[in-house]
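Okay, here's the structure, questions in a sec.
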Amino acid sequence: MANSKFEYVRNFEQADSLLPNTWIVVRVDGRAFTKMCAKYEFEKPNDRRALDLMNAAAKAVVSDLPEVTIAYGVSDEYSFVFHKSCSLFERRASKLVSTVVSTFTANYVFSWSTFFPDTPLSFPLPTFDGRAVCYPGIQNLRDYLSWRQVDCHINNLYNTTFWALIQLGDLGNKDAEKTLAGTLASDKNEILFSRFHINYNNEPEMFKKGSVVFRDYELVDPESHRVADEMDDIAEPARPSKSQSDKDRKRRSKARVVVEHLDIIKDDFWNRRPWILSNKPGKVPKET
Amino acid sequence: MANSKFEYVRNFEQADSLLPNTWIVVRVDGRAFTKMCAKYEFEKPNDRRALDLMNAAAKAVVSDLPEVTIAYGVSDEYSFVFHKSCSLFERRASKLVSTVVSTFTANYVFSWSTFFPDTPLSFPLPTFDGRAVCYPGIQNLRDYLSWRQVDCHINNLYNTTFWALIQLGDLGNKDAEKTLAGTLASDKNEILFSRFHINYNNEPEMFKKGSVVFRDYELVDPESHRVADEMDDIAEPARPSKSQSDKDRKRRSKARVVVEHLDIIKDDFWNRRPWILSNKPGKVPKET
Amino acid sequence: MANSKFEYVRNFEQADSLLPNTWIVVRVDGRAFTKMCAKYEFEKPNDRRALDLMNAAAKAVVSDLPEVTIAYGVSDEYSFVFHKSCSLFERRASKLVSTVVSTFTANYVFSWSTFFPDTPLSFPLPTFDGRAVCYPGIQNLRDYLSWRQVDCHINNLYNTTFWALIQLGDLGNKDAEKTLAGTLASDKNEILFSRFHINYNNEPEMFKKGSVVFRDYELVDPESHRVADEMDDIAEPARPSKSQSDKDRKRRSKARVVVEHLDIIKDDFWNRRPWILSNKPGKVPKET
Amino acid sequence: MANSKFEYVRNFEQADSLLPNTWIVVRVDGRAFTKMCAKYEFEKPNDRRALDLMNAAAKAVVSDLPEVTIAYGVSDEYSFVFHKSCSLFERRASKLVSTVVSTFTANYVFSWSTFFPDTPLSFPLPTFDGRAVCYPGIQNLRDYLSWRQVDCHINNLYNTTFWALIQLGDLGNKDAEKTLAGTLASDKNEILFSRFHINYNNEPEMFKKGSVVFRDYELVDPESHRVADEMDDIAEPARPSKSQSDKDRKRRSKARVVVEHLDIIKDDFWNRRPWILSNKPGKVPKET
C-alpha cells in the first residue's frame, strides 16, 4: 500500500491509559471566563442563567456518558467522576478528557440561546479545558469532592459579601477588598446581616452548595444496611461480567438524571444513594 | 483555612508535559460520525457543506491559537501542529488537547446553521475526541502529514468510485464492494472514466487533497536560499527570547489565516512557505 | 555561571511520580538467567545455593529500605512491596526501581562467593532488570502476590516432574515434554509418586512456596480483632505525621528481617501479621 | 488454568516506552557517596582508584550493551547515550534504566577488589540510582554532554583549590570555603599557582575533563566531508533494515571500547568520530 512508507509515524503515539481500579475525575474549567463574564455582562456575584447553562451542559454529559457516576459543578468548573471499574476508551486519558470537554462545550454553545435569549454569542466563543486525575480510594474521591464544595462555600461567602459592599454599600473594589481582608466566615456573616439585612443561610442553595448531577433512584434507609462495609466489599477489584455490565449500563441510561444542590461532604448523601459509589443501579422511583 | 484538610487531593494530579523541542500534533476526530452522516443526510461520497464547516472550525482554532503553525484536515478529522518551540500551557498534553478540542467543537456547533441552514442540530450533538502526539524531527512531522494526505487520496479515490458505482451504476453496496476488491488506483481511474466519463483529476481539489490551514505571507522563491539548511539551523534548540517570541506571536495573530487544498507531500509547499517550519513570521502580502 | 548556556537541558527530564495512595511493587528479574544456569551449572529443577543467594540479596534490600513492607521471590525473580503511604524518593518510578535493582545486584554479586565458594563469577556478570507497578487496593496487591505464588507452584510441580522423568526416568527433553503435555496437577503428582516414589508434598517448602521476606514481630491472634475492618480504616488516605512516620521507620529498621516459605494466598498469613499491610510496626518478639 | 483468577493484575502494568527517534540518556548516580568516600577513605579532591573503578564499570556497560554509542563520566555519575534509532527493550524506560544500573553496579562491586585490593567492601554496599531522559535533537544531546563536562571543570577547579588550601595551606574547611566565596576561575588558578605552585593546566586530564567511553575506529579527516550535513541527513528518521542493523550491531560488538579524557564540547571530537552520532560503525584501526 502506498501509505506504508509513512505509516511508521503511528508508532510515535504514546500510551496514556489511566491506572485500573481507580476513580477517574475529569474536571472541566472555563477558559478566560473572567473576560467572558465581562463581555456578556454576567450578574455578580452569581449569574443564575450562566449556572443553569453550566448545569444543562453537565446534565447532557452525564446523560451521554452513562459511565459517569456523579458530577459536581461550581462557578465555571465541573468535575465528572467515572467509576473505578470504568473501562470506557480503555481508560485512555486523552479520549476521556477530550470526549467530556467536547460534549460539555457542544452543549454549552448549543444551549446558550436558551439561557441567554437576548445575548447572542460572538467570537471568540466560550471554551473549556480539562484534565483527568485518578483517586485510588473512596475516601480520596470524597475528599476531592468535599474540597470542591468547601471551595464553593468559601468563595461564595466572600463574593456575596464583597458584592454586597459594592452594590448595596457603594464601596469601590479596593475598599471592599480592604474591608474583607483577614475576616473570618463569622465576620462576613455579620457584615451581611448587620449592614445589609442579608441572612446568608437564606441565599439560594445553588449558590451556597454548587450543583450535583447524578442518576436518580429510590432513596435507601441508611439504617437498613452497613453501607460503608458494602462499599468496601464492592469497591475492591470490581470486575463485573460483560453481560452484567451491559445490563447495568442499559438501566443507568434509562434512569432520570437530576441536578440538585445538596451537601456532599457529610455521609448522609452517600448512604442514601449507594448506587453512586457501588455502580449498581438502584430502583427507579415510581412516577407520581 | 477550612479547606486545608481536603487539599491534599491536589497531589494526585500527575504531570503530563510533552517532551520539549518536539513537534506536537493534536488530532481531532469526529465521534460516531457514521451515525451523524446518516442522521443529517450528508451527501456521498463528500458533503461540501460538512467539509466547509470542518474548515471553518479549524480556521477558528488556528486564529485563536497563534501557536498552531499549520493544520490539515480530511473527512471528519483535523490535525493541528504546534511548533517544536511552543511552550503554550507548559506543553501539558491535557490542556493542549482539551483546548483544541473545545475550540473546534464550539465553532463547529456554533457555525452549523451557517452551513446547514435548513437542518437544525438535535441531541446528541456532534462531538470530537482528540489526542496529542510528539514528533522529534521535521521529517517525522512531514511524514505524519504526508500519511494523512495519502490516506485522503486513497480513501477519496475509493469512495468516489464506490459511490459512482452505486449512484450512477445502480449497484448495491455489496456489488460495489466486490467490484472494487483488489483493484489498484489505475483500475479505479479506469472504472470512473470508462463507465461514468468521470476524469478523477477533475474532481474538486478539496476532495482529492484535503484542506490545509495556515497563516499567509508572501511566498518565497525556493531557489533564492537553501531552505533545508536553514530549517536545520532553525530547528534545533529553538529558544527565542521572551520579547522576540511575543513580537512574533503578535505578528502571527495579525496574519490572514487561509484554507487551501494543496499538495503538502512534495517539498515545494514547504520551500515556498518557510515560516511554517521556522516559526518566523514572513512578510504580509500586499492587499490587492 | 558558565554552565547556564547548557543548563536548559535539565528541562527535558520528565516527571515519573507514581500515583499516591497505591501499593508499589518493584519486581526484579534475572537477565538471561537460562544462560547463567547453564554457565554456572545450576542444579535442576532447583539450585538451593542459587535460591539462598537470591534470598540473601532480597533480605539486604528489605533491610536497607525500611519502606519495603514485604518481598516475595521465586526462581530468578523477586517482588518488593512498598506500602501505599510510602513517599520515598517522592515515589519517582526510576529512583525506586533503580535503587532496588542496584541494591539487589550489588548484594547478589558480593555474596556470590559465599554461596558458590568453588565457582568464581566471570564476565558478563549476572544482572537484573526491574519495573514498578501500582496496585490501588489491598485485594489487588494480595492478588498480585497470589499470582506469583500460584505461578511458583505450577512451575515447580512441572519442573520437578520434568526433571524426574529426565534424571530418574532417563527420558530425553522431548520425551519428557511429550509425557507432560496436557497433564493436570493430579497427573503430575501421580507420575512422581508411582514412577519415582516421590511424594510432592514432601518437597522442600522453599521450592513449593517460594520465599517471603518481612520484618518479624509477635504474631497476633486473628480472633482477637477484626483485621479486615482495621485494614480498611488504615488503608485509605494514610498520611501519618512526619514524626510518627520517622518513629515507625526507626522501629522497623530495628526489627529482624526474616526469610520464610509460607502460604501467602490464604488470609491467615496476613491476619497474624497485621503490620505488613497496616505499616504500623508490631511488638518485637522476646529473644529466647 | 488455576492462575487465571489472579492474572488480571498484569493489566496494572503501565507502558513506559520512550518517544521514538530521540536520543536516550541513562544517567547513573552514586547513592550516598559522600558517606562512601568517608567510609573507604577516598583521597581528596580526586581518588584515582575510585575513578578507574567507575570507568571499568562504565566500560563493561558499553561492551555489554552495543546500543550505547557513547558514555561520559565524572565523579560518582555516568551518562550512557543510546542512539536515537535504538529499539532495545522496545525503548521501555524501566528496562533500559534498570539494565544499565544493574550492569554498572554488578561490575562496580565485582571489580572493587581490583582497584582497592587492601580495602574490602562491607555492608551496606555501594549502590547507584538511575533515570532516563530523551533529547530530540543532536544539539540537545551535545548540550547535555557539554553541561556535564562544564560541571566537571567547574567542580574540579573548585575542589582542587579547596583541598590545596586545606592540605597544603593548612586551612580549616570553613576558612577554605570563605577564601573561595565569590572567586572566579581566574582567581582560583591564581591561588593555586601563587600559593602552591600548582599549574591547573598540568592537572591530570581525567580530573579536568572526566572520562569518555566509546568504540574506537579510524579517525576521520574533518575536512574531507561535511560532517554536519551528513549528520542531519543521517539523523532524521533512522530506520535501517533489520539485517543492516544486525550487521552493524555485530561490528560494533567487535570494536575496541576505549576510555579517554577528551574535550567533548568542541566540534572536533565529534567530527573526527562520525560513527558516534551516525551509528554507522567506522573502520577498525589497524593493529600495531
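Just so it is clear, A, B, C and D label the chains in written order, and each chain counts residues from 1 on its own.
By definition in this document, contacts are C-beta pairs under 8 Å (C-beta built on N, C-alpha and C of every residue); 3 or more make two chains touch, one makes a residue touch a chain.
Because the structure is a prediction, the values reported are computed rather than measured.
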*asked:* Suppose chain centres are the mean of their C-alpha atoms. Which chain sits farthest from chain B?
replied: C
*asked:* Per the definition at the top, count C-beta pairs in contact and tell me whether C-D or B-C has more.
replied: C-D
*Counting in whole Å, what is the centre-to-centre distance of chain A and chain C, each centre being its mean C-alpha position?*
43
*asked:* Using mean CA coordinates as chain centres, what's the gap between chain C and chain D in Å?
replied: 32
*Averaging only over C-alpha atoms, locate the centres of chain B and chain C and give their separation in whole Å.*
50
*Considering chain A alone, which of its residues make contact with at least two other chains?*
8, 12, 14, 19-21, 134-135, 140, 143, 237
*Hey, which residues of chain A end up touching chain B in the complex?*
1-3, 5-10, 12-14, 16, 28, 31, 60, 64, 92-95, 97-99, 101-110, 121, 123-135, 140, 143-144, 146-147, 150-151, 154, 185
*Contact residues on chain C for chain A in the complex?*
19-22, 84, 134-140, 143, 232, 235-237
*Spell out the residues on chain D that touch chain A in their complex, using ranges where they run on.*
8, 11-12, 14-15, 17, 19-21, 237, 239
